[in-house]
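Please go over the structures that come below.
Next come two complexes built around chain A: one with chain B, the other with chain C.
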Partner chain A sequence: MDVILFRYGQPARFLLQFATIIPLYSSYSLLITSMLHLLGVNLPDQKVVSVALTYFYGIGPLTARKICSRLSFHKECKLSELTEGQLNQLSGVLSEMTIENDLKRQVAANVQHLRQIGTYVGKRHAMGLPVHGQRTRGNSVTAKKLNGKMLRKYSTVADTAFTRQAMGMFQSPLSKHQN
Partner chain B sequence: MLPSLVACSRSVWKGPYFVHFANLKESIASGTPIKTMARACTIMPHMIGARFMVHNGKEYLPVRVTEEMIGRKLGEFSHTRKAFTYRLTKNK
Partner chain C sequence: MISATKFTQPASKAARHFAGIRLLSSSPIVAAEKNANSSRPKADRTQSMAFTKKEAGSKRTRSGTSTSVNLSAANPAYYTDPPKPKLDLLSKDTATASRLNTFMQIDDGFLQNTGKGRYPGHLAADFKLFGKPALLYRQVTQTLVDQMAQNAETAPKRATVLDGQNGAGKSAELLKLATVAATSGHIVIYALSTLPWVNSSRPYGPGYKSDLFVQHELVNELLRSVVAVSRDALNKVPLGRSVTLGKKTLESEKTLADLIDLGLQTPSLAHDALDQLLDIARTQTVVPVFIGLDEVNTLWCQTSYRDQEDNILPANRFRLARSFLPFFEGQGLAKGWVVGATSYAEVRFMPKDLKTKLNPPPAIPIANPDLVRDPGVGELSFDVLKVERLSSAEAWGLMQFYQKANIVTTPVTEGLVAKKWVYANGNPRQMFAGVTTYF
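Here is the complex of A and B:
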C-alpha cells in the first residue's frame, strides 16, 4: 500500500508510525513528507542540501557542493534544517547563476545559431543525428530522440524520420530558418 | 570534420591559421566566388562578404561569409558526406 502525502510546507512525521504498522504489499512505497518551493522548483525537504540542489536544471553534484561550501552549510545538513536567513542566502546565490529556463533558452539559442549559420553541427541537429562523429550504422538512439529538439518549434508536419528524409537532408522541415 | 576540433583549438600565441587569398577584395566587390581547397582556413573579419566555393573532396560547395561565421573554418560549411537515403531496391 502506497502512503503518499503532500502536505505543502508541513512535515507530517506522525504518519511515519503508521507507515511501519501498515503492511506494505507493493514493491515500493512512496512517502513524500514535504517539499520546499524554491525559485520555481520543488525540492525534497528531507534530503541533504547538496543533493537537493541537483534537482535544479543546470546544477550537478559539483556545483551543489560549491554552493554549500560557499554558504558554509554543513555537509550533512538537510534542507528542512536551514533557517530562513540561510534559505534567502541560498536563493540569492541561485538567482545569480543561469539555471532552469534561462539555461534552456541559452542552449536552444546556441543550437539555433549554429543552424542559422549553416554549420555541419547545425545540420546534424536538424536531422536529429549524432553531432560528435559517432557511428550511425547502429547505436544512435539517444541522438535520434533528443537532438534538434530546440529546432522543432513550429511543427505542422508529423515529425518522423521518414518525413525528415523525404523533405531533404539539409533543410529541417520544421525550422524557421531556411537556407 | 570533427566538431570537437573547434573546441580543442590551436594555441593562442600561434595566432589563427588562415590563408591569404589574392582575389579576396575582388570577390567582395563583384561577388565572384573563390574556388578553394583550404577547408582549414579560419574565417577572418576581412573575409566578410566574400563568396567561396569550398572543396568537399569531390565538388565545390558555395559558402557566403557573414559576420557570425568569424572564428570558424571554411570546411564547417561544406559537408563532406552524402546524406543517407533509403530507396527500396526492386531487384528480388
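Here is the complex of A and C:
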C-alpha cells in the first residue's frame, strides 16, 4: 500500500492520486475499520461526508455543507461511496482553503501581531487572561489555560525575560505597584 | 365441631385439616409433584433454548433484519406458525364487484420489481403481520378499477390525485391500481415512493449544458422497474421514429423495450431514455399507459438538495420531476391514466399552497374579493379523488381477515367491529393500530 506524505504547511495543490486506506483495529472488536487519509487527517470511511469534513480543523458543519453542495454530494453520501474523481475534486477544494496547520499558523500570527503592535488584546493574550471583557474575579479558567498558548508555541521571538522587558509588552499585575 | 373432652390427633390428613390442625411439612406435596414431572424432559439451564445471541455487526445490520428468537428451538406451545389464509391474487380478472370487502393478495413479484423489498407508505408492518402482501378490496378500489378500464380506451384530459387523511389508504389504493394495470397489459410506470427524489438521499449532479439537475441512479431504477413489469406491453409499441441516445440510434421499427434497454446500458443516458419513453408512450394508441406516483406532492416541493451556491433547489429544477410534472399540469395521454397519491407523512415536502388547494377552507357566505384573489386558494390542474373512511361493511371484512390471520384472537362480533370502527373513525391505519396495540 502506497503512502502519500502531505507536508504540513504547504498547500497541496496537486491532485490526490490515490487515497490511503489505513486499516485500524477497534479496541472493542476485531472488526477492521478503514480510514481515509486526506490532507494529513484520518477521516472515518463510514461517516457521512458532511460530518467527516468537520474532522478538519477550520471546517465546521456549515462549511462542510457548502463544500458538499459545491461538489453535489447528497446529504447521505458516505466517504466510502465517493469515486476517485470525486475524491480528487474534494481534495482540490480543500487545498484551496486555509485549514489545519495553515489556519493555526495564521491565528497565531494574528495574535502575535496584536502583541507586537502593543494592543490591549495582545497584552491580554500575553498575560493569559480573557480578551473579550469577561470577569476575572471568578471563572476565566479556560482563558488562563488557552490564551497565549499559541504565542508560546509559535513565537518567533525568543521568549526570555530580557526580550519581554525590551518589548515592553509584558507587565505583571504587581509590577506597577512595585514601581 | 372439635370435641372438648380429650384431644386426640386424627389419623388422616383430611381429618387433621378438618380438626383445624395445620400441616407443618409440605414434603409429601413436593414429592408428589416431582413424581408427576419426572416424565417431562429437564430444562437445560446452561444455555438458552429459544433465544439466541444476536450476530455481531453494526447496529444498523443487527436491528430489524433478524429476530433474536431461534424458531427451530422455540417452544411450540408459545411459538406457532402464523396461519396463512388463502387469498385470491388481485388481477384484472379478479378485480370485480363480487370481491368487495374481501382481502386479496398482491403479486409479490410485482412488488419486488417495483420496490425491491420496500413497500409503499406504512404497509410494511401490515404485510409482515399478514405473512403476505394483501389488501382490502374496497368500493373506492372498484371505482378506480372501472375508471381505469374506461380510460384504457379514451384517456381523460387531466390526471387524478388521491387525497385523504393519514392512513386513509391512498398508497394502498394506488398499489392495487398499479397491480391491476400490470395484469391488464398496460405499460406501468409506477413509483411507490418519490421521497428519494427530493430528500437528498440519492446521488445527484448538475446536468450537462443545462440548469437542471440529474439523478441517474433513480432514473435507472425506475426504468428497470418499468421494463421488469411491462416488458410484454413495451414490446408491442414501436418507436415510430428514429431515436438517438448518445452515440447510438434506434430505428423506428424498434420497440420501447429496446429503448429502455439502451438507456439502462449507459447510466448517463437514463434521463434521455425516460424522456423519450414518456414522449412516445403518451402519444401512442397501441397499448394504454398507467403512470402512478406515490407522494406526488413532492413534485411541487422545496427539496433537501442544494445547488453549487448552497441554495435550496425546488423540485422542478430536477430533470426527473420535470419529466412527470407536465402530466399533472394538463398534458394528457392518448390512452391510459395518470394517477398520483399525496402523503402528509413528511410535512416538509407538502407545499403549503398545495395543501390549501387540496383542503380549501370552508366557503364564506359573504363574497370576499380579497379571498377570491388569494393565490393560495385556486384551481388545481388535476382532479382530486378523496379516499374516505371505511364503510361498516369494509370494516367487517377487515376484522374478519384479521381474525383469520390470527391478529385478532377474540371472536369477531358486530359489537367489536363497531367499537373498533368508531374508535378509529373509519381510518384503516387506526383500526390496524387499535388491534395491534399490544404486539
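Note that the second predicted complex is superposed on the first by the 121 of 179 C-alpha atoms of A that agree within 3 Å, B and C clash if a C-alpha of one lies under 4 Å from a C-alpha of the other, contacts with A are read in each partner's own complex, and residues count from 1 in each chain.
The definition used in the following text is that a contact is a pair of C-beta atoms (placed from the backbone, for glycine too) under 8 Å apart; a residue touches a chain by one contact, two chains touch by 3 or more.
As the structure is a computational prediction, the values presented were derived from the model and not from experiment.
Trainee: Comparing chain C with chain B, which touches more residues belonging to chain A?
Mentor: B
Trainee: Of the two partner chains, chain B (first) and chain C (second), which one does A:77 touch, if any: first, second, both, or neither?
Mentor: Only chain C is touched by A:77; chain B is not.
Trainee: Classify the contacts of A:69 with the two partner chains as first (chain B alone), second (chain C alone), both, or neither.
Mentor: The answer is second: A:69 touches chain C but not chain B.
Trainee: So, does A:117 touch the first partner chain B, the second partner chain C, both, or neither?
Mentor: first
Trainee: Can you name the residues of chain B that touch chain A in the complex?
Mentor: 1-4, 63, 66, 68-69, 72, 76-77, 79, 83-86
Trainee: Given the complex with chain A, which residues does chain C contribute to the contact?
Mentor: The contact residues of chain C facing chain A are 56, 200-206, 213, 304-310.
Trainee: Touching chain B in the complex: which residues of chain A?
Mentor: Contact set of chain A toward chain B: 113, 116-121, 123, 127, 131-133, 136, 165, 169-170.
Trainee: Please output the residues of chain A touching chain C within their complex, sorted ascending.
Mentor: It is residues 29, 31, 65-66, 68-70, 72, 74-77 of chain A that touch chain C.
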